[in-house]
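Structures given as structure tokens follow.
Here subunit A shows up in two complexes: once beside subunit B, once beside subunit C.
Moving on, here comes the complex of A and B:
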């Protein structure tokens, strides 16, 4: 198992290298920091623009491979370069990573957890009211693109607050600016701001995981080993939880890594719409400014989290399925 | 008893198409979904002829007016007819969605069958490309690349969406090709000297038809969702042209005061994706069962 997982890790590291290289080349080809500087008012002189670009390491007159060489030399020493506005990419990265990770983590955990539970419940109550209700719910949710869902939630919160006369549901930013008070006040404030965006990110995951889990559970429900467990005297519920759940979770692990890609994209939309200063909104701002270093930094973050999700899926697969471990 | 029944009633062998067609007519989900999809396509292409307003027309006498006899879905901030805009946006979104789905399924089928059939280093190379393209979310790459291709218009945008959307299909196709490759009819064709690409087209792809049809159907919804999402953020379809995404974007900040600007395009988008999911789910069931039902009692 360790050998298999370390092989996967090496494969992941190779993919990460290629992905960062490609993202650097694509960003350099697609974005023009020169245009960003030249559009400034008052228009800077050509020499100033060249100087700024050279400082950033994004001078388009240097070959892209050479620029990548310089960038990666600094990157392996822990320096991701400077933003077009002169700030440090590392500092910006540090400020935003927590915001995005919080959203992604809560979205993934709530999404998979609730999705699996809902799917299990629907399979046990097959063709009865809970199953039908959940089917309708997941079809509806899967039909609403994440950005429309975010907008609906935001407008819904706005409407609710207007009717209530004061702010009940928070829908902008990840915290109240200038809030003073104890740690508990701050935590409560952050949780209040997290509720709506996290629900947006998690809801799609709940819908799709519950569909997969329902199908997987139905496959297991008719199996011999579950009947044997019941014949030994286990109640159907216990038999399903002890013997059925584990096997039904195995196919879900393969879905987990793809599901995370969708979730990540959803989180980018959610950050933009709810005004969260995370990696996603940084990416959108940087892409418009032609900020190559920042864009590559966000791509690096995306690649690492996606590969991490894939690795977690592999570990879960190995934990759930003994056949994988012994091979 | 049962043997008697078989003897007295003639066994009717039906082709795959006829079997699937009969199952389709019996499935309410598939019928509803396909009818809705057809209806929305008709609305998108016949809609512009149903009203006197063009999507670029501006009615200065009616700014932000609510839905009524003059403007069926009301007007926008600057007096554009929301019905004309919505059907035009629907047309663009559906066209892009359908083309992207066709192209990405075709790409996925081509890469998947080649990787599965040839195996060895071809397989390893192709699967490495697939893995690599799944590492960075496609949306991020689209945000970078779409503005660069703006001059080429929406076909380039659609091409880019397809180029970044075929990987998961390719994976599934590859797995299926791996098992098809071991079947006797492929060996027979090989011994007769049929070339590899001919075998893929003549003997492998027909066996994947039901999967590919279902996949392409569901891919239309995925493509429409990506297109509208990108257009919402200003990276997709560019003004003066409209798509459901740009309409939702311009209607979203007045969703409470002028709900018609937001809810008509958003509602049609939701309806279309829902219809595709309904049809796709039913198609999956029908086409999976198709092979078992081919020789059924009348």
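Moving on, here comes the complex of A and C:
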């Protein structure tokens, strides 16, 4: 099994290389840092623009493969290059990675956990009110784009705060700037800021995971081995918890690796709307500026997290299902 | 029999929720009782309500099923008992063995832990986990599982079907239940393994003194294992009797017809397919539900459903039971003529020699930087067989012996890995495009599951016409041929406009046969064509295939695991074991005096639908498990399970080192076997005979 997983990691590394290459080539083709510099007031001379572009390593007169070669050479040595504003991509990366990771981690855990529980509940109460309500809820959430959801939440919070007369729900930034106090105060402040963005990211996950978990649980509820568990003397509820839950989670692991991508995309908009200085908002800003190096850095982060999610899904699959452990 | 009643079922009704909110009754007023230590066989065809009855006893019917009536277990009424109280009885007082042991075990838990759980659920206070695990190993040992410690630590998918089912029995008897319900416990198993499992079940029952309700469609199994038999039809028990009386003097026409449609291993007999089919649930008329198919039915039969009546514990729900006395099945139902065994002696049509086929192991193929030679498992290790024009050859063996792989290699019309396939004089490895196209029409295949092989959206007429279109037959000819084909396989011409889902299993197999016959093939390959069918339907298909043969239809290569079917239909038989041909010859010769020890064991494992003969019969219970596709091996693959090998002295080296070649050389089609020490015509192994002079040197 260890051999199989390390093989998966090696495959993942190959995929990562390919993803980074693609993102470099595509962003080089789609973004124009030259236009960004030329639009500056006062308009810089052509020589200045060329000089700036050469410094960034994004001079469009050099062939793209050569540029990629230079970029990778530096990247291998731990340098992701400079932003169009002259800052270090590495430094920006370091500032933002924690913000995004916190949001993604909480969003994934809450989304998956609640989704599984909701799906289980709906399956057990099939065709009754809770199931039908959850179905309607899921389809509503799934048919609303994340950014609309985020804006709705924000408006809702605004209205709520206004009617309450003071700020109950925070909806801007990751923390209150200049807050002083104990660790507990800081944690409370962070949690208050996290609530809405995390809910936005998690809600889509809850909606889709609950649909899958409902289906998987229904399959298990009709399975022979659950009937055997009852024939042994377990009550239906205990049989489901002891024997059904684990087998119903097996198909979900595959879905997890794909679902994470959707969740990631949702997080990009969520960060932007709630003003979180994370990877997603960095991506939006730098794409507007034609900042190729920053866009590639965000893509690198996305590729690593998505592949990591896939690897975690593989490990979970093997833990849950002994049938895939052979060899 | 005066043992105490442990289970008493009265007027049990089960209905499932129908699509249009009308409940569909599947069990209608079933009543029986079980005494301590007794085995009651519950037989019937699919849809008769056997499984619903069995599940209703434990309250395990799927949600939406409605149950009424009474099930009393040791005086406790189970129908309507709260789930909590029912759970306390399940597994402790009444336990169940299910049909498919792979699906019935939790795939993600060790076998031993699942058995241990069955013990600990009912313990107050619960014993230590380790203690329960130890008891689980004892239970596994008790059902004859070799190396119980290893098996206890295995997952279900790591075990063979026979081992899994024995583990299931061990789990059922964990708490010394008073009643064991076994629902088709051996239907998914090979005959040789079936014998092992039935032995394990019988020993388990004796050890616990429990009563056993044995649900089966297999009259042979019932004849050997049951004390009393109840026959179900359309949701009711139509006849109950001690096992000998039921088989010797059935009092209900349905039972008689059922017995008459079972093929027998010991003789080729005229089978009596019962015309028509059972009524769909909910559509049974006011009278006896068998009346529409019954040749003895009168007005009285159609007036009302008859109540069980009779004497000496032999009850039949039939008003005409006196009229049945002394009649044989063939007097009532249209019997097919027994097989005229001619020796067709035609020219060879299909010749397979030394055929091999291997499959790469999962995970050993695909992208890798350094190419390692792929690890393979051999499915076929040397198959020899021959089919001559006009004859029917049966290919038999346990599952995993390579029967289906052989068919697939033949129909691929390609170059085999090694060995040769010759059809009508053409070597398939060197076919020109034109010849391949012609051969494709002359070799047709019929598979086990007709529903899976028929496009559900196509009309029967289009299904049957499709191969003709592929062969570019003119439209007018096709229009004329389709009705003719449908008539030939016993379908109505009007059926051409219907779609596959509107037909029963047997009728679907007829559609598939009509399609196969459309292009007038020379060779018909049949892969378990009757295994999924009930016996009364199976008899009709066998009869049809036999008529085809008599009309000089295509030559048939018939794959089956059922040796009784072989006796009914085939001229010659080829026995496979572990991917090799081990014996072949005319059916009468091979079945009459089998030479290979494996063939002997295979034949002895087939239960006879005759209680007296079944009890008297000596069974060779093979040790071990049938091999699947294996690694390349030397010597005889059967030796690990072979009684002759075990009894041999120094000579056994030969079995280990030399792969037995086909001996008994004579004209093709004669009786041959691939064994170093075959049995002779008197059933004596060769090792007991004086050694022949020119003994080949041991390498």
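Throughout what follows, the second predicted complex is superposed on the first by the 326 of 327 C-alpha atoms of A that agree within 3 Å, B and C clash if a C-alpha of one lies under 4 Å from a C-alpha of the other, contacts with A are read in each partner's own complex, and residues count from 1 in each chain.
Simple rule for what comes next: contacts are C-beta pairs under 8 Å (C-beta built on N, C-alpha and C of every residue); 3 or more make two chains touch, one makes a residue touch a chain.
Remember, predicted model here, so these are calculated numbers, not experimental data.
J.: Return first, second, both or neither, reflecting whether A:320 touches subunit B, subunit C, both chains, or no partner chain.
T.: The second partner, subunit C, only.
J.: Could you tell me if A:233 is touching subunit B, subunit C, both of them or neither one (first, second, both, neither)?
T.: It touches subunit C, and subunit B stays clear.
J.: Does subunit B (first) or subunit C (second) touch A:78, or do both, or does neither?
T.: neither
J.: Once chain A of both complexes is superposed, is A:223 in touch with subunit B (first), subunit C (second), both, or neither?
T.: Second partner only.
J.: Return the chain, subunit B or subunit C, that is in touch with more residues of subunit A.
T.: Answer, by number of touched residues of subunit A: B.
J.: Considering only the touch criterion stated at the top, classify A:22 as touching first (subunit B), second (subunit C), both, or neither.
T.: first
J.: Going by the contact rule set out at the top, does A:243 touch subunit B (first), subunit C (second), both, or neither?
T.: After superposition on chain A, A:243 lies in contact with subunit C alone.
J.: Mind pulling up the subunit B residues that touch subunit A in the complex?
T.: 128, 131-132, 134-141, 143-145, 147-148, 168, 221, 225, 228-229, 232-233, 248, 252, 255-256, 262, 266, 269-271, 273-274, 277-278
J.: In their shared complex, at which residues does subunit A touch subunit C?
T.: Interface residues on subunit A, with respect to subunit C: 4, 222-225, 227-236, 242-243, 246-247, 250, 320-323, 327.
J.: Given the complex with subunit A, which residues does subunit C contribute to the contact?
T.: Interface residues on subunit C, with respect to subunit A: 58, 60, 62, 83-84, 87-92, 95-96, 98, 100, 103-109, 117-118, 121-122, 155, 157, 171, 362-363.
J.: Could you please specify the touching residues of subunit A with respect to subunit B in the complex?
T.: Contacts found on subunit A: 11, 15-16, 18-19, 22-23, 26-27, 29-31, 139-140, 142-148, 151-152, 155, 158-159, 162, 258, 261, 264-265, 268-269, 272, 283-284, 287, 295, 298-299, 302-303, 306-307.
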